[in-house]
Every structure is written in C-alpha cells, then in structure tokens.
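Chain naming follows the written order as A, B, C, D, E and F, and within any one chain the residues start at number 1.
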Amino acid sequence: MNEHPISRFPVPDLDEVPDDVRELMLSVQEKAGFIPNVFLALAHRPDEFRAFFAYHNALMEREGGLTKADREMIVVATSGDNGCQYCVVAHGAILRIRARNKLVSDQVAINHHKADITERQRAMLDFALKVSKNSREINDADYEKLYAFGFTDDDIWDIGAITGLFGFSNRLANFASIRPNDEFYTMGR
Amino acid sequence: MNEHPISRFPVPDLDEVPDDVRELMLSVQEKAGFIPNVFLALAHRPDEFRAFFAYHNALMEREGGLTKADREMIVVATSGDNGCQYCVVAHGAILRIRARNKLVSDQVAINHHKADITERQRAMLDFALKVSKNSREINDADYEKLYAFGFTDDDIWDIGAITGLFGFSNRLANFASIRPNDEFYTMGR
Amino acid sequence: MNEHPISRFPVPDLDEVPDDVRELMLSVQEKAGFIPNVFLALAHRPDEFRAFFAYHNALMEREGGLTKADREMIVVATSGDNGCQYCVVAHGAILRIRARNKLVSDQVAINHHKADITERQRAMLDFALKVSKNSREINDADYEKLYAFGFTDDDIWDIGAITGLFGFSNRLANFASIRPNDEFYTMGR
Amino acid sequence: MNEHPISRFPVPDLDEVPDDVRELMLSVQEKAGFIPNVFLALAHRPDEFRAFFAYHNALMEREGGLTKADREMIVVATSGDNGCQYCVVAHGAILRIRARNKLVSDQVAINHHKADITERQRAMLDFALKVSKNSREINDADYEKLYAFGFTDDDIWDIGAITGLFGFSNRLANFASIRPNDEFYTMGR
Amino acid sequence: MNEHPISRFPVPDLDEVPDDVRELMLSVQEKAGFIPNVFLALAHRPDEFRAFFAYHNALMEREGGLTKADREMIVVATSGDNGCQYCVVAHGAILRIRARNKLVSDQVAINHHKADITERQRAMLDFALKVSKNSREINDADYEKLYAFGFTDDDIWDIGAITGLFGFSNRLANFASIRPNDEFYTMGR
Amino acid sequence: MNEHPISRFPVPDLDEVPDDVRELMLSVQEKAGFIPNVFLALAHRPDEFRAFFAYHNALMEREGGLTKADREMIVVATSGDNGCQYCVVAHGAILRIRARNKLVSDQVAINHHKADITERQRAMLDFALKVSKNSREINDADYEKLYAFGFTDDDIWDIGAITGLFGFSNRLANFASIRPNDEFYTMGR
C-alpha cells in the first residue's frame, strides 16, 4: 500500500464531485480496474476536468493516419523530455498495451533515437520534440520531412496538438506533483 | 488590407461550422468588432475548438486571487518566452485593456524583470516562467515564495494551469503559423 | 507623466554635460520631439557617449546593400532575443517608421521566423541571430547562404557589426535598467 | 526473440576473447542468468574491458557511507539525464533489486525531484546531476549541502566519481548504440 | 612565419589608411614591437576603427576601483566563454603582464571558478559572466554582492561595459575570423 | 613556489602508496621531470588510480588511424568545453609537444572551429564535441562524415572513447579541484 499523496492539491471524494465527473471516473475504473490519479487530481476543478478529458479524447481517440500506439508514443517521448513522471509512467503503460511491445515505452522515454521504432515513427517523434522544445523554429522543411513519410497535414496537426496538450499536462503534473498509480508501472510488461 | 494566410491549416467559412461554434464566433465578433483568428484557425476541428475555449474560459474568467489583468499578464510573459507571435500580440492587446496600461504588455513580453509591475506580480511571473521552462524542478521553495505574497494554493494552480494551457496554445500557433489579426497591434494603446 | 527612473546610474542635467554632448542631444530632440533616454543614460560618461554614437552612426547611417530599415530590423530581432526592453521599444519605433510598416517590429521582436519579411531579410536575421547567440560557430556555409541572396562581404560585416554593437547596448541597457521613453511605444503605429 | 544488433561495433564470440575476459563474462552469466550486453560490447577491446570493469568494481562495490542502492541510484539518475538507454534499463533493474523497491528506478530516471527517496538521497542526486551537467561550477557550497546530511569527503568522491564513470559509459553506449538485454526491463518489478 | 590570413575581410596597407589611423597603429607598434591584428582588421572601416579604440580606451584606461589587471581579467573570462580566440590570446598576454602572473590568464579563460584570484575578483567575474550570458536577469541582488566587496556603482558600470564592449569585439572577431598575432601566445609567460 | 593545494582530497606521500602506484609515479617523474598532479590526486584510491591509467594508456597509446597528437587534441578540445583547467593545461602541454606546434593547444581549447588544423581534424573534433555535449543524438550521419575523411570504425571508437574518458576526468578534476602543475603552462611553447 502506498502512502504518498497523489497531488499537492485537494483530492475530493467520489461523492463530492458532479455526477458527470463521477461517472467518467467510474467508467474508467471499470475498464482499468482502478481510477488513474490524474482524474482524481483534476476533479477539484470540474470545468477544467471536463475540458481536459474532452480535449484528450478529441486527440487521442481520433481516426486518422496515426495509430493509437503512435499517439501514445508521442506522449511518452515528449513527457520524458519534460521530466513528467506521471505521463511517462501512465502513458508508458498504455503504449506497451497499444503497441503490444514490452520494451518500447522505456526506450522512447529515455531516448527515442535509439528505440525499436520505424523510420516513420522516428520522424514523427523528431517533429513532436521540436514542437515541444523549440516550436518557434518549426518551418516548411519540418513539414516536408513528414510528408515524405506519407503524413498528411491532418496527421501533422495531430502530432503537434498531442505534443502541446501533453506539454500542458506535463507542466500540470509537475507543479502539482501528481503521482502515477503504482499499477501503471507493471501494466503491459 | 492583409493578404497573409491566417493559418497553414484549413479555415472553414462561417456557414460550414457547427452552430455552437459559429455562435461563439459571432458573439466574440459582436464584442470585439472582429473574429480573432484563433477561432477561425481552430474551427476545422470543432471538438478541439470547444475543448480549448471551455478550458480557456474556466481559467481566464474564474474568480479568485488573480485579477483578469494578472491572468493576461501570465499569458503575455510566457508567450514572449515561447516566441508565440499570436499570443503576445492578441493577449498583449487584452492585457493593455484589462490593466488600463499602455506600456505593460510590451514590457512583459520582452523582459518581465524590467516591467512596471508590482513585486507580487513579478513573483507570479517568476513562477509562471519556471513552470514554462523547467517545470520538473518546481518545488516547495517556489510555493513558499508565492505564499509570502498572499497567493493561495488555488491561485497557484491558476498561475500554473494558465501557463500550461498557453504553452499548449503557443506551440499550436507556432506549428500552424496562426497569425494575429492586425487589429490587435493597436488595441488599447 | 512617468515617475520611473530612466537608469540606475546618474542622469546629468543638460547644463552639466560637455557642449558637444549637449548639442547632439538637442539636435536629436529637435528631430524627434524628445531626448531618447539612452542619450541621458550615457551622458555621465562623455567619452563613452561619444564613442557609442560615433559607432552607432558609422554602422546605422552607412550606405550599402542594407537599407536603413534592414539595419533597424537587425537591432529589433537581436534585442528581442537578448530581452532588452529599451532597444526593442525604441528601435521598434524607428523600424516601423523606416519600413513604413506598423506590424513588422512586434513580429520581428517576438519571432522573426513568422514575420512578414522577405526571404532575403530572413536570411539576414538568421545570420544576425547566429552571431548573437553562437558566434563561435559562424563558418563559410553561413556566408554562402548570404551570398546566395546577393549580400556582399561588406554587407555581411554590417550585419555582424550591428548585431555586435547592439548586443553590447542590450547588455548595457539591461544591467543599467535603462528605460525606453513612453513616446516610443506608439510612434509609427 | 530479439534480432536487433547489440552494438555498432564487433561483438566477438566467447571463444575469441582472452581467458580472463571470458571468465569474467561467465561468472556474471552464472549469477545473472545471462551476459549483460555491455560485456559483449566492450570485449573487442580487452584492455578497455579490463579497465572499465576494474574501475566499475572499485566504485560500485566499495564499502562506505553510500549503500549499493545509493550507488545504483546515482547511475540511473545521471544516465536518464544523458539519455542513455543501456544504463537506465540495466542499472534500473539492479537498483530495483538493491533497493527492494519496484518503483524507484523509473521515478529517478525520469525526474529525481519527484521520486520516493530520502532528503539525503535527493541531496546526493542534486550533487551528482550538477557534476554531470555543470561540473565547472561545483564549489564549497555544494560540499556543505552534502556535509549537512552526514556525507564525508570520501562519500562525495564516490558520488562524483560514479557520476563521472557512468557519464563516460553513457557516452560510449550512445555513440556505439549498445542495446540493453531484454531481461533487464522486467527484473525486479 | 605565419601564412594564415588575419581576417576574412580586406586588410589595407599602412599607406592606404587615414593618417590618424596609421599613427595610432604605429604608436602601438612602437610600444609592443608589432601591430596587433585587430588594428589591421578594423582599418578597412576607419570610422569604426576610431570608435572602437575610443571606446576601448575610455573603459580600459580609466581610473577607478578596478585595476588595469582587473579590466583585462574581465576581457579574458568573458572572451573564453564566447569562444573568441583573438581576445583570449591577445588580452591573455596583456593580463599576464598587467597582473605579473604567468598562470592567471589560462586559468581565467578556462574556468574562473578555479583560478588563483581574490574573492573580490571572483565576484567581479561572476557579475561579468552574468551580464555576458544572461543580462536580462541582472537585478538588485547582483549589485548587492558587488557592494559587499567595496565595488561602487561606477566600478559596476565599468565591469558591465567592459563585458559588453568585448562581447561585441568577440562576435566581430568570430564572424570575421580575426587571428591573434603569434607573438601574443608567449608574451608574459 | 606555489602554495595552492593540488586537490580538495588527501594527497598521500610517496612512501604511503602501494609499490606499483609509486613506481608508475616515479617513472613518469623520470620522463617529465616532475609528477603530474593527477597522479598525486588519484593516489589516495589505488584501485581507481590503476584503472584510470590502464584505461588512459589503452586509449592514448594505441596504434591506429589517430596520431598521438590527434588523441591529445580531442582531450584539449573537449576539456575546454567542459571548463576543466587541469586537462586543458596539462594535455595542452602534451599536445604542443606531440604536434610540434606552439599555438594549436590554445586555439583548440578556446574554439576548435578557428584552429590551424586540417579538415579531417576538424571533423574529428566535431564528432568528439557532439559525443561530449549531446551523445544521445549521435547517428549514422555523424559516422558518415568521419568515413568521408577515411576514419575507420576503430578510429571512431577511439574518438568517442577518449572523449568519454576525459569527460570523466574533467568532472573528477572539477569536483576535486585538481590543480595543474605550474610546469605545464610553459612546456612546449
């Protein structure tokens, strides 16, 4: 059992939160077997909770040229670079499952240049990391590199927007010290 | 008249977008006299459009220890650091109006250390810039500095979350080359 | 009326400064309608005052392949990167006037990659920013990129030297907290 | 089964290497159940192989104020910062075992500031990361912080030297693309 | 004899330059036994030549709380950080002579934290390097540290302005590839 | 005579160290005329002393595509970048002797881009500095650049491993404040 707090900020009980917030939590719990701490950590701000998960789902469950594993891989690589424990551990678990690959999450979190991924995925992560670290210099040449691998403009929006949303969530998890559930560490290994 | 594109991505006509999206645009147009380009640039993705503005409003129009000018000031300072033209110009205009101060936006965008702001605001921006640039090292001492100026935990969440949301929007505006409306450059001067 | 000090250092009265220093100030005042604060802030060191403006004029009023607007644009872009409020605000005003363009100064100060400038100007600013941030790595390839746009060696000296002189003046304005005159904020808008 | 090469450089067969090199490999294999790839990747240079493991053992198996888990923790934290997949994965496994803690390796590799470690360990890692990233500025004040937690000069030598040796091994593993054995990913979880 | 060019830019013959420029060169030659290459490299731009040396003399030969050795030490430390071969080698020679110390120039150029200098000089160089690398964050606390060692505001102006002028000259020497005279390498050793 | 300590850590007398350690010291003293301080500074840890010099000799005295001067040049360039006074001064002396060139050490330590070296050596140092500063991004393209100059894989291992070993020794010398012998400053000039 773990006695570390899951956030610096208030974590409401399930019966204190609005119905739609609670329902979303319970539905995730049913699927995953536990409530990921980010739900608990955002629940003290229901409007932000709703906006975050609406944005999350719009980007992560969208159809398009990126697989679900690709989307998670972007999260893991950029969160590693931002030093975000919550996102690396939680999305690392999801990536292992989505990619049916036990090694890729640790590889991508530490150094995507050395990971067992395709050249197309490497180009995708190069773009994501440039958006994360130096978006001011993104230019036509960066787009051309992605077009060469068959990415469409719509895919590129997804890569950039996922990077941006999780860059936000990395900062949130870091300043609020949101702690990943212990369950995530071993999921999919 | 301006012939530069407002985004690398598709900009739908007003009659192509869902009703709620169009209504939000028209209501802003009524208040501001024009539709800020970020509304047009996000409209090709209605779900993301809705999530972004829901999040925006939850953070920027919230009551609390931060004034509306304080909130805009966070946006301008961190967007300057991220090299985001759209956010510096558009939110610089709003900050001039909210703060009733013609100089503060340019000052804060270039170097908040030299701006005509209070020590309390300077501490707020120091925290915001640390969240923006190095969130992994945010620690108790950073919180203590803000408590000393009377900021509550709730205020600190606001500072950090506004920084995070606009860090996302800075990256989005940079990779999509979203262009600020010409009107913003002179508003409130 | 503005009550903020214009410098951490002594600001002499006009009648305390040597005749040639005063005359230069008065001649600028006649043209601009006010004395830019940098003249007042340097006046306590007449020899440095003379050397600075001699150097300034040698580089900024020189004939050659760079227009006066180009020269000011270099100042604004590199000063933005150095976080120098005085130079961005004051030279931003002059650039707006020289370029007859109300938007370009803010654009270039925030992120020259996204500014409404020619490809030739973008190459010029890329070189200037490399000299500013990483001069040790300037090499033949950097010169070739400028030759391709028709810049001569003499023009390149101008780009590099203007960058260097204002890098000096940015550091001076930053450590001495030299404040831009309020008038500059709206000139040329 | 894994078909990725374990190094860019030649990997000799066991019967091609000098006897003492082979014996060391076989003794590790007996203990661990497999030969860690770093042994195979260094074996083409027997003198360097011997020097590396001599140095390794001198620092990692030494008695003193640092536990074996502390020593591994330094390796994992600094290797994470250097983006070294081999060292994070292999020494992460050893750290889990030495510390009898399933979570600490991932935590420390991503962001030691947020790990479940003691304040003493945090000070130790702060020093290690400063040696790794900015050794030129190590000064008396850094030593004082460690003395306050009871570290002796001898312990501090260990912290700095382990950081240095693995900074070397991180660079080696990165330029030679040395791949961690699959077994390490799940050891101790 | 040395066949490497002393600059990428034109180096005029002595009889091609204006009288005052030539006279300054000859007077230096008389004192030093040779003409330092920076005089030759700037001579193709007589107005800039005059402004540079006027500025140089105003700062380097000024009376005040800084000795001449202190002034040269600032040049060597900041030029080392900027990777400027000309200034490190030439001013390193002058510093050895002014300080009557054969070791200090190499020490300060590589890492002033480890040099055989006084605590007062170390504080002076800390300030200089902050002005050089991060002038935007210079603040009251930086001034207080210098006041504590007896530096006056006038001295601080000197430290900052010398840093700024040579930061300019470092960039000039780097983009123009100005080569130090061979004589400087051994002077004062 | 010099009264500065040569290390923060204990420096044993020659008669206190194990025989093989003393013999190595005396043999170096016979050749060089003095005992380089790094031998004295490592002697309090005989096992590490032995491992360090075994590694050193394996890399620095190896036959292959790199001359001994090339190997020293790598040490000087990377140690300059790491701000390591001991290694720049001591190996700068050795490089002057090995390369029979009085200028090259200072040039390479300050800025290898401007040194009087061959294009092949410049490529070698570019690789070394990338391994030193950013090994995680070393990739095929970096190898190709070296192959183009005739470097073999074996040579590249040497370049990378020398960089790594001295990156270790730079950190050691920096955290332990190991001081170069005065003799090195003028050797080979």
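Note that in this section a contact is a pair of C-beta atoms (placed from the backbone, for glycine too) under 8 Å apart; a residue touches a chain by one contact, two chains touch by 3 or more.
This one's a predicted model, so the numbers in the text were calculated from it and none came from an experiment.
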item	value
Co-neighbours of chain B and chain A - touch as defined	C, D
Number of steps on the shortest touching-chain route linking chain B and chain E	1
Winner on C-beta contact pairs when D-F is weighed against D-E	D-F
Superposition of chain A upon chain C: rotation angle, C-alpha, nearest 5 degrees	120
Classification of the chain C:chain E interface as same or different, half of numbers criterion	same
Rounded Å distance, chain E centre to chain F centre (Cα mean)	29
Geometric centre distance via CA averages, chain F-chain C, whole Å	44
Where chain A and chain E are represented by their mean Cα positions, the distance between them in whole Å	51
Multi-chain contact residues (two or more partners), chain A	83-84, 111, 113-114, 136, 174
Contact graph of the chains (line, ring, star, complete, other)	other
Full enumeration of touching chain pairs	A-B, A-C, A-D, A-F, B-C, B-D, B-E, C-E, C-F, D-E, D-F, E-F
Chain D partner contacts - residues on chain F that touch it in the complex	8-9, 45, 47-48, 50-52, 54-55, 57-59, 82-84, 131-132, 135-136, 138, 143, 153, 156-157, 160-161, 163-165, 167-172, 174-176
Contact set on chain F toward chain E in their complex	4, 80, 83-85, 88-89, 102-103, 106-107, 109-111, 113-116, 174, 177, 179, 182, 185-186, 189
Contact footprint of chain C on chain A as seen in their complex	136-137, 139
Chain D - residues contacting chain B, complex	111, 113-114
